[in-house]
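Chain lettering (A, B and C) follows the sequence in which the chains are written, and residue indices restart at 1 in each chain.
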């Protein structure tokens, strides 16, 4: 199965890659690595579930927000490569979860991103991960993800 | 314009690259990548505006602190390369902002670093960025930056 | 001295590399880089000193927890390479310390990891470092470490 076939089977149409909110670009390629800027759960110019996990946002909402942010990250990879088949490996997911004090289920939230990456890229989607709870997030986003991928020549 | 000409035009004299505050080094080169340790807003051995954004430190102060930390990061790149013309691309800025609860303008603070990188390196300075709010920072610094750069052979 | 000789002299027997706690893998190799997932202070399936620095956990305990997490990171490098002599350089330690508000000694805690890396790898263990205070950590762990290493052909 190709990545595009996986997307189709999952019923996913990739969004436009979101623009940044400051003086930076949304991806850079260096050698065979692509790195994205921090991705937020934008969907059609709205941010999904702003707020804190363990506060206004529950785990299921956080899971879907993380999935949406990962979808935006995949859209950045598509913009960077033109063809997602060129992605050899998702190297690393950096997951930051906006939390109320005492929240401990960052892993369950970030699985929303990780599950999507594995569904879309198969074995090539098996990535390393950081999972951290952050007290304050730009624009009150409930998650922020950074993604590193290896790309073919 | 070369990087050194840009620095001159901006009236910038690069500082000495600050030393670390633990058992680590301030930069490493691996392949064509240079990565710096976390840079703080040291200026002449004083730390600019210690404290939290949204608390003792306002956005304008945070902007200038981020600019100073970026200047220190550029000084690390100079130490690593001997010649800033060898920097092909600023790949990534990792920006951590020390925040009081509820602060949401991490992007405005970190633009102090991003604006400087683009002014100094031009198109080669266009970087990806993470922007995160951190509750507690070593030495009460208001910002900490990590920088990745691609360097020529 | 080889790395294995250093380990022996330090009286260290490498643990099994801990498994992750979500849908991700514990290390990836891309080119000559290995990156680990976030490492926690697991020891024999128990987590050392859960809680916050500046709260339930004191600096000395945090130091030893950071050392244990670094030991687990080295175990991941061993799994990735089969032979730690293939590690040319520890490139980067990303250190996140779980803190009560106002804790400022992240560097002293993370030296537990940094000191071990330098003891085990010698000059090849001299790394860059990020040191950040995090308000909420998965599973209430007191530290989380990410490690990047350069490996030979």
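The rule is simple: a residue touches a chain if its C-beta (ideal position, glycine included) is under 8 Å from a C-beta of that chain, and two chains touch if they have at least 3 such contacts.
Predicted model only: the values in this text are computed from it and were never measured.
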{"item": "Proportion of interface numbers common to chain A and chain B (over half same, under half different)", "value": "different"}
{"item": "Fitting chain B to chain C on CA atoms, where both chains share a sequence, rotation angle to nearest 5 degrees", "value": "120"}
{"item": "Between chain A and chain B, centroid-to-centroid distance (C-alpha), Å", "value": "25"}
{"item": "For chain A, residues contacting two or more additional chains", "value": "31, 134-135"}
{"item": "Chain C-facing residues of chain A, complex", "value": "31-33, 54, 89, 91-93, 97, 99-108, 110-111, 114-115, 118, 126-135, 148, 150"}
{"item": "Residue ranges of chain C touching chain A (in the complex, touch as defined)", "value": "20-28, 30-31, 35-38, 94, 96, 134-140, 144, 146"}
